[in-house]
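There's a structure below that I have some questions on.
A, B and C label the chains in the order they appear, each numbered from 1.
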Amino acid sequence: MWRYLIRRLNLFIATSIVMMAVLFFATGMFPVEKGYALTGIQFPTEEQQVQTVEDYKLDKNQFSQFYAYVTQRLSGNLGISVNSQQDVAEELSAVLPASFELSLFAGCIAVFFGVPLGVLASLSSSKPVQRSILAITLTGYSIPVFWLGLTLALWFGVQLEWLPISGQINLLYEIEPVTRIMLIDTLLSESSYSMSAFKDALLHIILPAVTLAVLPFTVVIRITRQAMVTVMTQTYIRAAEARGLSTYRILIRHALPNALIPVLKAFGLMLGSFASYGIIVEVIFAWPGVGSWLINAIYQRDYTVIQAGILSVSLLIIFLSIMIELLHTTINPINRKELYAD
Amino acid sequence: MPIKKLYQEEQIDSPLGQLWHAFASNPFAVAGLWAVIFLLLLVILGPLLAPFQPELQNPDAILLPPSWDQAGHVSHFLGTDDLGRDLFSRILHGVRLTFGMSLIVVVCALVVGFIIGSLSGMMRGLKSSILGHLLDALLSIPSLLLAILVVAVTGPGLSNVFWAVGIALTPQFVRAIHQAVHEELQKEYVTAAKLDGASQIQIFWYVIMPNVWDVVIIQTTIAISVAILDIAALGFLNLGAQAPSSEWGSMIYQGLSSLLIAPWTITIPGLAILFTVLSINLVGDGLRSALAPIRN
Amino acid sequence: MRVIRERWNPLALLCLLSFLVTACGELNVPSGIVYCSEGNPETFNPQLITSGTTIDASSNQLYNRLIDYNDDSSDYSAALATDWAVSDDGLQYRFTLRQDVQFHYNNLFSPSRNFNADDVIFSFARIINTEHPYHLVSRTGYPFFQSIDFANLVSKIEKINDYEVVFHLANKDASFLSNLATDFAVILSAEYAAQQLAAGTPENIDYFAIGTGPFYLAEYAKNEYIRFKRNQYYWGEQAKIDLLVFDITRKSEARLAKIITRDCQVSALPKANELAVINKHKHLELRTKPGLNVAFWAFNTQKPPLDDVRVRHALAHAVDKQNILNVVYHDTAVAASGMLPPASWAYTETEDAKHYDPEEAKRLLKEAGVTNLSFDIWAMPVVRIYNPNALKTAELIQADLANIGVTVNIVSYDWSVFTQKLISSEYDSVLIGWNADNTDPDNFFTPLLSCSALESNNNRSRWCSTELDTLLSQAKETLSKPERKRLYKQAEKIIHEQVPLVNIAHAQKLLLKNTNVSIKNVNPYGGMSFSGVELIKQEVQP
């Protein structure tokens, strides 16, 4: 058990170091002066210059520079934003929760609708149903997310006027940031319009979340269906059938939990593309999260923000995928071997 | 249950033939294959078929809807954009940029990935595990972020998209091939070959490789669809192909300013991307299920 | 039992969710307006800039001037000055100031006294007096005041008592009151300035603005929004809305989408070709008014080959203005034959001396002995009232000039870089324009083509003629309107002969709004004002 945990931790650290090395290498290649790329101060004073050299060991060799870079970044010194002249770490903490909110909401939609559909698909044995499920999932895989987002915005926002298509909330509502997750903050707000603000925030999140949910939704359907088909042929299910349990009970109590394990694994593998899609969705729907922050930064050549954005997102992905793997190992009895093996 | 034949047929299909039979029995996959062939033809012939130059502006036909619309005109089959450029011609030219480019990127990534992947797959111990970590790290960066990093270094442009998408795709190839080779290496038939005195190179090429090709093929189809979507996404974010370019993603970006008044300027390139990626995925899916019985 | 409970859980959650979404009944929205504005203001002090975006976000919302125009812009009305008088020689202007006017307060500053003569003197001394501690703060200069040579015009500002000031002018100027009524001539708080100067952060007064206007500045998040709140102690008629939010939305289509989905109630700079979409949505309304503006193509007359007047003549004949009106303005503008738009009182209808004639253009070029002409056109990257799409205009001109064998290279930068580079005048020619700040015709000449405008870098043609300058100062000193009209006609003629620029169009001022917002008056000049904007309760449609 411990050995397994330590190995995962080891993996996390090693991967993160490689990640930072890539970023450090890229920072060195940015077409600007290195001190500027590292700190975001375009016209440093004499003092600041000395400080930068001191902080990042710019007078030493590459290795100590890298070491200094890692220590600075991990201690939370992400420099200041070239564009806004604000502390990058602060800006990051303001945009991360919004992205979290959106992806969590999208993930929930995907699971809520994907799992039942996947189960239904596995139960059907008719060719047309199988084929149409395949067609839907393949289309879901193939659809360019930016086009999907624009099309949904055009239909449900502009044509039908059902849903807002931009931002997190109508700006008339003044919401005190507490958790910075808008759906929660509106409820926490003590103003008289707290409830209508919540409703407004909910309406604002629907379109971006649905757009972002399409990819995980198709993945969930596919994997659930496959896993259910595999599980249902296994002997313990037949044993349950022989005991006379109702189909419903067999499905929900016995088959589904085991079928969901590969879904979890698929989620872990999907994180990278999910993040890419998230960035695009945030840009389309002007969602004030990490993605639109990062894309704005690249338009404005805001080097410190670019580094911070990439670093935080990829570290998060590394961390989450290892967590999912861990979870996967703990709940999957087949993998327990690995846990206790010495 | 199918009826078992009493006598074996005189001729047993070659593995390739079996693959084709399995593939051809899936009508979706075959349709996808036809679509891909069609697209490949367009890569070569597209610019010759286009009625107009992709950047030719016609000030008399601005934001003309597609020809099936009442206001449309037959000379501009798919309508025009806000500068009066013919969308049909632009789509035809764009095949080369989006689809053709994705093929080139994938081939390059495949070659590099194949070399590194097989070398590392044949290695054991520490070297292999270091490489594994390196790959895990590179894989954990979403391809779009990697592309952003490349663009931050080099600036936007179509040639940089090549690097960005290539760098993002290579680790996937390396990892897939590395794993496949590594897995095969553990198997007994390899040990048998080793006992027969085969050299490392012989083991790799004659013993392992025939069992790795299917992984390469599946990975390639996945990579092509990923590459198209990535190239288009970068174009859409205006980090890839720049303004007058008829790259499909970039066309959608250029259509954004007339999104509300002329939705076809984004619908049409979007459908083109969807069609291309869908046909690649159909072929890939068909191949995967055709290969499945052979692999097991 | 167990099964039932399990079935209930998701159902209950769904019920709760649907309850939250639908059952909370009446919406309780704060009384306010969201205005989709087109960009970030550079500062909150309109003295420092000429950009319309900044004017919209500051002048009429946060500040007051000494005097205003009245509703039909024909005369002046009292603002911070309740009364004013001109001496017989036209060199002294005496203003009586309003009493009991409170400044705003914010977390940096709470006023200890009301508005008085010191504030007036501070506001103008900052501009005029180069020794003033605030003169160089924010380092942007005072482009409008420099272009009308304000520093040399006003020789002294004298405080008679706390509520009386006298402006002493060096020479007669018919446009003086007009200029004081512009969006730029706002009154700042001298007390706030002194406090911030002592604290060592003088630039704060331009960013965390304090004024006397109908709204005060509550919050500004760059690239996102500006939040204004009603000034409850406003001296004039109180604003009808509690809250005014500027939703900073750069893209025109995004602004349109937001107003359609009701995230905004009023939107800046709609595009004329969006009219079809606007008409489809019943809750939208487009207001148009002939604007006091002009879009032009200015030649850098200090750089060859455009220093040759014959070349400029030829180029002027080569541009097909009708086509530009069609494609870029979607026929919401009129072709410009001179600097003055038809909406100006000094406008005289004349035939366009620079009509489209490519053959004539070729002949003129040949005469000038210029072959293989090639130069740059700089096109501004932003939407302005006078030109909704300068890049597209440039592309059309490029095509027109290709017809007469002239090669043109289009250059554009990000707006902030663009304005900086304009100042260093590296360009060959530039597509830009002017939106009038007041109704005085002088506003179309002196700030743009005079020799003093050359110093303030607003003279994009880098051209000035003493002949024109004399004519302009003569017109300024004349008080009779018909006489002035005659003089401006002569000025137009000089510009026609010298072609420092080609006038392209006078655009209509467009404003897109939700029908539940009532805006009484859209000024043909200057910036937006939200003080009289009202929300109308609409009947709920069954």
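FYI, contacts are C-beta pairs under 8 Å (C-beta built on N, C-alpha and C of every residue); 3 or more make two chains touch, one makes a residue touch a chain.
Only a predicted model underlies this, so the values are computations on that prediction, with no experimental measurement involved.
Looking at A-B alongside A-C, one finds more C-beta pairs in contact between the chains of A-B. Nearest to the global CA centroid, when each chain is reduced to the mean of its CA atoms, is chain A.
Subunit B and subunit C have CA centres that are 50 Å apart.
Subunit B has its Cα centroid 24 Å from the Cα centroid of subunit A. Rounded to whole angstrom units, the spacing between the C-alpha centres of subunit A and subunit C is 43.
Looking at subunit C, one finds that residues 257, 260, 277 touch two or more other chains.
Within subunit B, contacts with two or more other chains are made by residues 256, 259-260. The multi-chain contact residues of subunit A, meaning those touching 2 or more other chains, are 158. Within the complex, the subunit B residues that touch subunit C are 57, 59, 62-63, 82-83, 256-261.
The residues of subunit A lying in touch with subunit C in their complex are 84, 153, 157-158, 161, 163-167, 170-174, 192-193, 195-196, 198-199, 202, 249, 252, 286, 288, 296.
The part of subunit C that touches subunit B in the complex is made up of residues 251-253, 256-257, 260, 273-274, 276-277, 323, 326-327, 392, 395-396, 399.
Per the touch definition, subunit B reaches subunit A in the complex via residues 28, 133-134, 136-145, 148-149, 151-153, 155, 225-226, 229-230, 232-233, 236-239, 249, 252, 256, 259-260, 263, 266-267, 269-270, 273-274, 277-278, 280-282, 285. In the complex of the two chains, the subunit C residues touching subunit A come out as 3, 6, 20-21, 24, 26-30, 32, 34, 222-225, 227, 243, 245, 247, 249, 254, 257-258, 260-263, 277, 281.
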